[in-house]
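Here chain A shows up in two complexes: once beside chain B, once beside chain C.
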Partner chain A sequence: MSFLLVQALSGLATAATLFLVSSGLTIVFGVTRIVNFAHGSFYMVGAYAGWSLIERFGGTPAGFWGSVAAAALAMGVLGAAMEIGLLRRLYRSPELFQLLGTFGVVLVVQDLTAWAWGPEDLLGRRAPGLKGSIDILDQPFPLYDLVLIGLGPLVLGLLWLLFNRTRWGTLVRAATQDREMTSALGVDPARLFTGVLFLGCALAGLGGALQVPRESVTLQMDMAIVVEAFVVVVVGGMGSLTGAFLASLLIGQLQAFGILVFPQITLVLVFLFMAVVLVLRPHGLLGRPDEAPPTAPATVTVPLLAGRHAGTWALALLPVLAAAPLVAGDYALILLTEVVILALFAASLHLLIGLGGLVSFGHAAWFGLGAYGSALLVRHLDAPMPLALAGAPVLAGLGALVAGWFCVRRSGLYFAMLTLAFAQIVWSIVFQWYAVTGGDNGILGVWPPGWAAGKATYYWLTLALCGGALWLLYRAAFAPFGYALRAGRDSGLRAESVGIDVRRFQWMAFVLAGAAAGLAGGLYAFAKGSVFPTLLAVPQSVDALVMVLMGGIQTITGPLAGAVVFHLLESEVMSLTDWWRLVLGLIIVALVLVFPKGIVGFLSGIRSRT
Partner chain B sequence: MKHRHPTASPLAKVLRPAALFAAMSVAVSAAALTAGPAAAQSAKEPGKFSGAPVRVGEINSYTGLPAFTIPYRQGWQLALEEINAAGGVIGCCELQVVSRDDAGKPDDAVRVAQELVTNEAVDVLAGTYFSHIGLAVADFAARNKVPFVAAEPLTDAITWSKGNRYTFRLRPSTYMQAAMLVEEAAKLPAKRWATVAPNYEYGQSAVSWFKQLLKEKRPDVEFVAEQWPVQGKLEAGPTVQALAAAKPDAIFNVTFGADLAKFVREGEGRGLFRNRKVVSLLTGEPEYLEPMKDEAPEGWIVTGYPWEQIDTPAHKAFVAAYSARFKETPKAGSIVGYITMKAVAAAITKAKSANAEPIVDALAGLTIDSPVGPVTFRASDHQATMGAYVGITTVKDGRGTMKDWRYADGANYLPPDDAARKMRPAE
Partner chain C sequence: MSEALLTVDGLQAWYGRAHILDGIALTVGHGEVVALMGRNGAGKTTTLKAIMGLVERRATTLRFDRRELSALPAHRIARLGVGYVPEDRRIFADLTVEENLEVGRQPPRPGAPSWTPEKLFALFPNLAEMRGRRGTRMSGGEQQMLTLARTLMGNPSLLLLDEPSEGLAPLIVRQMADAVRRLKAEGLSVLLSEQSLSFASAVADRACVIETGRLRWTGTMTELMTDNGVRAAYLAV
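Entry: the complex of A and B
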C-alpha cells in the first residue's frame, strides 16, 4: 500500500514538469495558432541557462530559486525576440508555415547550445535545503520532488488568476476565442502575441531550469520533451490549461504504474493513451469545439496552380532526367534517386495537406511501412524485387486504411496528432518485434538483384515508378476526386450539402497518400539495402512536412521543389561542415522570411504581379 | 467568357515550376559532380611521401552524440598525426582521412559511405557508434567490397550473426563485456537479481547474456524484476521505486549517459543502493563517470577505463600526447579512436597495398601493440581482442574513478574460434 502511494507521488512529480512545459505550449497555440516546434528548445536552453546560474549562485536557497527564475525570464525574452524577429512576419502566411520557421530555430538552437555549453552532459547541483528525502509510510521520497508536486497546482493557480483577474489575461482569452474580432476591437495583436510568446517560453524555461537538480542537462532534451508536450496539449484539449493539467496528471500516473505491469510499455504508452482519448473524444478531455482550429489552411485562395499542359511539360522534363546517367557519376545518381523518391514521398503528403487540408504529423509511418513491407517480403519469403516492391504500397495502404478510418473523423491539430499517435504505435511495434522486424537493428541485405543493381538502372526504375505514381497523384488532383477533396477542405458543410461524403473522400485520400508513400518507402529500402525503425520515426515525418512547406502548399510542383532543395541542402551541407544544423537552420529561417509562401509559391507570385 | 487573369497564359504558369524543377535537377547533377573533397585531414608537406596517399573514409555520429564521438575523433586525429609523422603507411604513403557526420541515421550513413567511396575514392571505411548504423555500413561494405573497421558499435550481430568478410570490429562486444561482469557477479552472495536496461538491442542482449551466463555459473540465482526504460527518457522515480519493491539482493544496470545520472541520483535519494550490490556495464568509462562528479556511485562493479591509473609506458605516452595535443584528459572513446586508426594503418602497411582484398586479408589475424596491450583481430570472427578494465567505482578528490581494477583481455572472454565461426553466415 505504502509502495503504491509513493509510486503515485513519483508520477505526480513527473506530471508537474510536463504540465509546466505544456501549459506554455497550450497558451501559445491557443492565442497565436502557432505550432511552436521550438518549444522544446526553450526548455533545453532554460535548463542549460539554469545550470550555469545555479553552478554560480545556487549555493543558497535564495540563489538557487533566483537562478531558476532568472533562467525562466531569460527564455521569455528569447521567446519574445523570436516572435518579433521571425513569427510576426509570418502571420499572413498559410497556417503551419510558422512551423517551418520554428523548425529552423530548433536546428539553430541545437548547434548554438552545443557550441556554448559543449557536448558533455552537465549534472548540476541539488537544490540547497532540499537534498535529502523524507520517509512517507517507511518509503523514502525525495524532498525536491515534493516541492515540484506543489509547484504544478501553484502555477496553474497563478495562471488562472492572470487570465481571469487581469486585463491582459482577459484580452488573451478574447484573442484565443476570436483573434480577428479582438483586433477589430482595437487590441494590437502584435503586442499581445509578443507577450504570449514571452509567457509561454518563460514557462518552458522554468520547466527546464527546475530539472537541473533532478537530471543531467543534455543536448537531447529538446526533442525528448516537445513531442510529449504536444501530446499533453492535445489530450487536454487545445488552449485549455485545466485540460493540460489533467492530462499531465493522467500521463504521469500511467507512466508510474504502467512500468509495474509491463515495463516495455514506456516506449509507446503516451501515444496509445493519446490515440484512445482522441478516438473517444474529438476535442481532447476538456477542449471545446469552438476553440478547435479551422480544418483548412484558411489563406489558400488560389487553389493549385497547374493547368492542362502540366502533363506535357512533365513529359518534356522526363527525358532530361532520364538522360542524367549519361553525365552524372555514381554518387550523383544515388542522390538523384533519393531526390526522386523523396519527391514522391513529399507529393503524397501534399495530397493530404494541399488538397485535403489534412496536416499529417505521422506520414513517415506509411513510408516506413512500405520499406518494411518490401524488406519483410525479401527476408521472410525470399521474394524477388518486383514482388517486394508491389508489396510496399499494399502494406502501407492497408495500414493507412485502418488508421485513416479513425483519423479522418478528427480535424486540425487533433487530426495531426492522431496520425502521429498511429505512426508512433507502428514504430514501436517495428522497434520491439525482434523476431519479425529485427527490432532496432533493422533488416539488412535488401539489395536489388543483379539486373537492377547498376546505379543507372535502379535510377531509371525509380524514375519510372515514381514518375508513374506522381502522374497518378496529379491526375487524382484534377479528377472529380480531387475537386471533391478540395470542396471538403474549403467548406465541409457546403460540400456535404451538395452530397459529397467528405469523410469518405478524405479516407480515400489518406489511403492513396499512404500507398504512394509506401511505394516511395519500398524504393528507398532497395536503394539503401537496409531498413531501420528510424524510417518510421518522428524526424522522418518532420522532414516530409518541411519539404512540403518549403516548396509551398498551394502548388502541385511545390513539394517536388521542396524535396529537391531540402535533400540536396541537407546532404551537401552535411558533408561540408560539422555545423550543418546551424547552416541548414539559418537557410530555412531565411527561406521562410524571403519566401513566406514557399519557393514555388513565391515564383508564381512574381509572375502574377508582372 | 473573358478571362481577366493577370498571368500571361496557363502554359506559362506551368512552365515556371517545371522549368525550375529541370534547372534544379541539372544543378543537382552539377553540384554532385563538381563537389570537391572537403579538406581531407593531412599533413601538407610536399615531397615527404614518395607514393600516392591512402585514403580512409571515417563516419560517426558527431552531431547526434557529441559527448562520446568528439573524444573518439580526437583519438584518431592524434593517431593519424603520429602515423604520418613516422612516415605514413607502407613506408611511402601519406594516410589521409575524410571524416563525415551521419546525423545519427543509418540511411544517411549509407549515403555518406557511398559518397566517400565514389567521390572521395577512399580505400577503407572506419568508425560508427550506434549499433544499427554500424550494421548498415557493414552491409554496405560487404556489398561494395570495401574494408570496414567498426570502431564503437557493441552489437554481437556485427561480427557474428550478421558478420561479413569486409567488416572488423574493435571494441569488446556486448557479450564480452557481459561475460567480464558475470565473472565478478558470480562471486557475490546475491541470489535475487533485478535488471534495468534501455529498451533496445544493446540493453536487451546485455541483459539476456548476463542472465544466461550467470545462471550457468550460479544455478541458484533468480531474476526477480526487470525494467526497460526508453533510452534517454528514464522515468527515474517510478523505475527506482519499482526495482526496490522487488527487494533484490543485487542489481544489474545497463543504462548509461543522462539516464544513468538520473538513475543514480534518484536511487541514492530513495535508498535503492543501500546494502545492495550493483553490477553495471560501461559505467567506469570517464564519459559516464566524470559528469557525475562527486555523486558518482560508490562500490559498483563495472567495466570501464581508469585512464589516470594505467601506468604501462605505452599508455602513459598516449595520455601525455593526448593531453598535450587537446588540453584535456582522454575518454574511453579517445583510446578507441586512437587504436582504430592505428589498426587501419597497420593493416594497410601489412597488406602493402591500398586495395580492398589485400587489406581485408591483412586485417584477419592482424596483431598490433596498443596502449592497452596487444590487440588481435581474430581471423575466425573478425572481433578484436581489445579488452576492458573491470573494477569498482569510487569517488576520489571529488570525482568518480575506479579502484581495484584489472585489465580483462578480450581474448579470454570470446568463444573459441570454431564456435564463433559457426555463428557467422556462410560466405
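Entry: the complex of A and C
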C-alpha cells in the first residue's frame, strides 16, 4: 500500500516536469499554430545552463533558486530570438515547413550544446535544504520531488491568472482566436508572439533547470522530452493548458505504474495511450473541434507537373544508370546504390505529402520495418535473400495497414503527430525487445548471397527493383487513384460529395507508401549488411522529409533529385566534419526559408520566368 | 475647404492572384457619413479591408488625417484612429463581453470622442446586462453591437463599418441606424458599406457606388435616391 503511494507520488513528480514543458509547448501552439520541435532543446539547454549556474552559485537556497530562475529567463530570451529570426517567417507556411524548420534548430542546438558543455553527461548538485527525504508511511520519498509536485499546480494557477486577469493575457487569448481581427484593433501581433515565445521557452527552460538535482544532464534530453510533451499536448487537446495538466498527470501515473507491470514497453504504453485517446476523443481530452489546426495544403499553387517529360527523362536516364558499373568504381557504386534506395524512400513519402497532402513525420518506421523484416528473416529463419526482400514490403505494408487505420482518421498536424507516435512505438519495440532485435546492437551479417555479392550485381538488382517500384508509384500518381488522392488533398469535403471515399484512398496510399518504403529498407539492409534502431528513429524520418523538400513538393521528379543531392551532401560533406548536425540543421533552415519550392521547383521557376 | 479626413485614389487590391479592386477613389470628410453601395461581390468589403491593410493592396493615394497608409500594417492604421468593424462580426467567442472590449481599448486620442465601457453600455443597453457573458452565447444582433462597441474602445476618428444591417432583425436594424447617427453627432466620420438602400439613406450624407471593383457613381444620398437610372444599373437585384 505505502509502496503504491510512493510510486504514485513519484508519478506526480514526473508529471510536474512534464507539465512545465508541455504547458510552454501548448501555449506557443495555441497562439502561433506552430508545433515547435525545438521546444525540447530549450528544456535541454535550460538544464545545461542551470547546471553551470548551480555549480557556481547553488550552494545556498537563494543561489540555487536564483540559478534556476536565471536559466529559465535565459531560455525565454533565446525563444524570443528564435521567434524573431525564424518562426515569424513561417507563420503562413504549411506545417511541414514549420516542423522541419524547428527541427533544424534542434540539430543546430545539439551541436552547439555539445561544443559548449562537452559530450559527457553532467551530474548536478542537489538542492540545498532539500537534500534529504521524508518518510511517507515508512517509505522514504525525496523532499525535492515533493516541492516539484507542488510546483505543477502553482504554475498552472499563475498561468491561469496571467491569461485571465491581465491585459496581456486577454490579448493573447484574442489573438489565439483571430489574429487578423486582433491586429485590426491596434494590437501588434508580432510583439505579442515574441512575448508568447518568451513565456513558452522560459517554461521549458524552467523544467530543464529543475531537473538538475534529479537526473544527469545529457545531450539526449531534448528529443526524449519533446516527444513526450507532444503526447501530452495532443492528449490534453492542442492549445489547452488545463488539458496539458490533466494529460501530464495521467501520463506521469502511466509511467510510474507501467514500469512496474511492463518494464519493457513503457514507451509503447504512452504512445498507445495517445493513439487510443485520439481515436476516442479526436481533439484530445479538453481540446475543442475549432481548435483543430487548419490543414494548410502544402502550397498547392501549381498542379502536379506531369508527365510525359518525366517519363521520357526516366527512360533516357535508365540506360545511363544501368551502364554506370562499366565506369564507376566500388565506392561510387555503393554510393549510387544508396542513392537509388533513398530515391524510392523519398518518392514513397512524396506519394503521401505531394499527392495526399498528408505530412508523415514517422515515415522511417516503414523503412526500418522493411530493413528489420529482411534482417530478422535472415537471422532467425535463415531465409534466402529473395524471400527476405519480399518480406520487407509485406511487413512494412502490414505495419502501415494497422497504423494507417488510426492515422488517416485525422489530418494536418494531428496526422503528423500520430505518424510520429507510431514510428516511436515501432522504434521502442525494436529498441527494447532485445531478445529478438538485439536492441541497440542491431543485427549484423545481413549480406547478399554469393551470386549478388558483387557491387555491380547488387546495384543492378537495386536499380531494377527500385526502378520498378518508382514506375508503379509514378503510374499511381496519374491513375484515377492519384486523382482521387489529390482531390482529397485539395478539398476533402468536395471530394466526398462527388463520391470519393477520401479516408479509404488515404489509407490505401499510406499502405502503398509504407510498402514501398519497406522495400527500400530491405534493400538498404542488404546493402549495408546490418540494421540498427536508428533506421526507424525520428532523424531518419526527417532525412526523408528533407529529401522531399529539397526536391520540391509539387514535382514528381523532385524526391529523386532531393535524394541525390541529400545523399551526396551527407556522404561527401557532412561525413567530413564532426559538426554534421550543425551543417544539416542550417541546410534545413535555409531550405525552409529560402527555397520553399525545392530544387526542381526552383529550377522550373527560373525556366518559366525566362 | 480643408482636406478630407480620408482620401483614397487609385486603390487596387488582390486576393492571391485574383484582382478585386481596380482604381477605387473616394473621400470621407470630417464628421461625414459616406455609404459605399453596390451589389454582392462588387468589392465593398474588399475596399474597407484594403483601407485597413488586411488585403494585399496598392494605391496612388491612401491618406488618413494627413498620414499615408499604404505602407502601414493593420495595427498601425488602427492606432492612427481608423476603427474597423467587420461584416462577419468576428467576436472573440471565448472572451466575455468586457474582455472583448478590453482587446479593443486604446489610449484616448485628441480630436476623437473617447469611450469607456460605461459610456458604451449606455449607448448599447443590451450589452450592459451581459458583461460577463461569453461571445458564443449571444444573438446576432448583440454580437453586432459588441463588434461596434469593441472597435469604439479604440477611440477612432473614422469608422469603417462593413454591412452593419446585414442579417439583423428590423428592430435591431433601427437601433443600429440610431447608433450610427449618434456616433456622427459625437463627431465621428463613418465609411459604411451597405446593400440596403433604406439603411444607407437613413444615415448617410453621400454615396459611392461600385461595381466589379470599379467606382461607377458618386454623389449625395439625396441625388442617389432620385436617380432611378443609377439605382437600376448598379443596385437593383
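Odds and ends about this structure:
Here is the rule we use: the second predicted complex is superposed on the first by the 558 of 610 C-alpha atoms of A that agree within 3 Å, B and C clash if a C-alpha of one lies under 4 Å from a C-alpha of the other, contacts with A are read in each partner's own complex, and residues count from 1 in each chain.
Criterion: contacts are C-beta pairs under 8 Å (C-beta built on N, C-alpha and C of every residue); 3 or more make two chains touch, one makes a residue touch a chain.
What you see is a predicted model, and the numbers here were worked out from it, not measured in a lab.
Put simply, more of the residues of chain A are touched by B, taking chain B and chain C as the two choices. Of the two partner chains, chain C is the only one that A:Asp178 touches; chain B does not reach it.
Using the contact criterion defined above for the overlaid structures, shared-chain residue A:Val28 touches neither chain B nor chain C, since it reaches no partner. In the superposition on chain A, no contact is made by A:Leu377 with either chain B or chain C.
Once chain A of one complex is fitted onto chain A of the other, the partner contacts of A:Phe3 are limited to chain B, with no touch recorded for chain C. When the two structures are aligned on the shared chain, A:Arg167 is found in touch with chain C, with no touch to chain B. Touch criterion met: A:Pro189 reaches chain C, while chain B stays clear of it. Once the two complexes are overlaid on chain A, none of the chain A residues touched by chain B in the first is touched by chain C in the second. Listed in rising order, the residues of chain A touching chain B in the complex are 3, 6-7, 10-11, 13-14, 110-111, 114, 119-123, 126, 132-133, 139-142, 145, 214-216, 218-220, 224, 255-257, 259-260, 263-264, 266-267, 305-310, 313-314, 316-317, 320-321, 324, 327-332, 334-336, 338-339, 431-432, 434, 439-442, 444-445, 447, 524, 528-530, 532, 534-535, 539, 555-558, 560-561, 564-565, 568, 571-572, 574-578, 580-581, 599-600, 603-604, 607-609. Residues 167, 170-171, 173-174, 177-178, 180-189 of chain A are the ones touching chain C in the complex. Those residues of chain B that touch chain A in the complex are listed here as 6-8, 10-18, 20-22, 24-29, 31-33, 35, 38, 62-63, 66-67, 70, 100-101, 103, 105-108, 110-112, 114-115, 118-119, 131-132, 135-136, 138-140, 143, 155, 157, 162, 199-201, 204, 226-230, 232-233, 235-239, 241-242, 245, 257-258, 261-262, 265-266, 269-271, 291-293, 295. Those residues of chain C that touch chain A in the complex are listed here as 52, 54, 73-75, 78-79, 84, 86, 90, 92-95, 99-100, 102-106, 150-151, 154.
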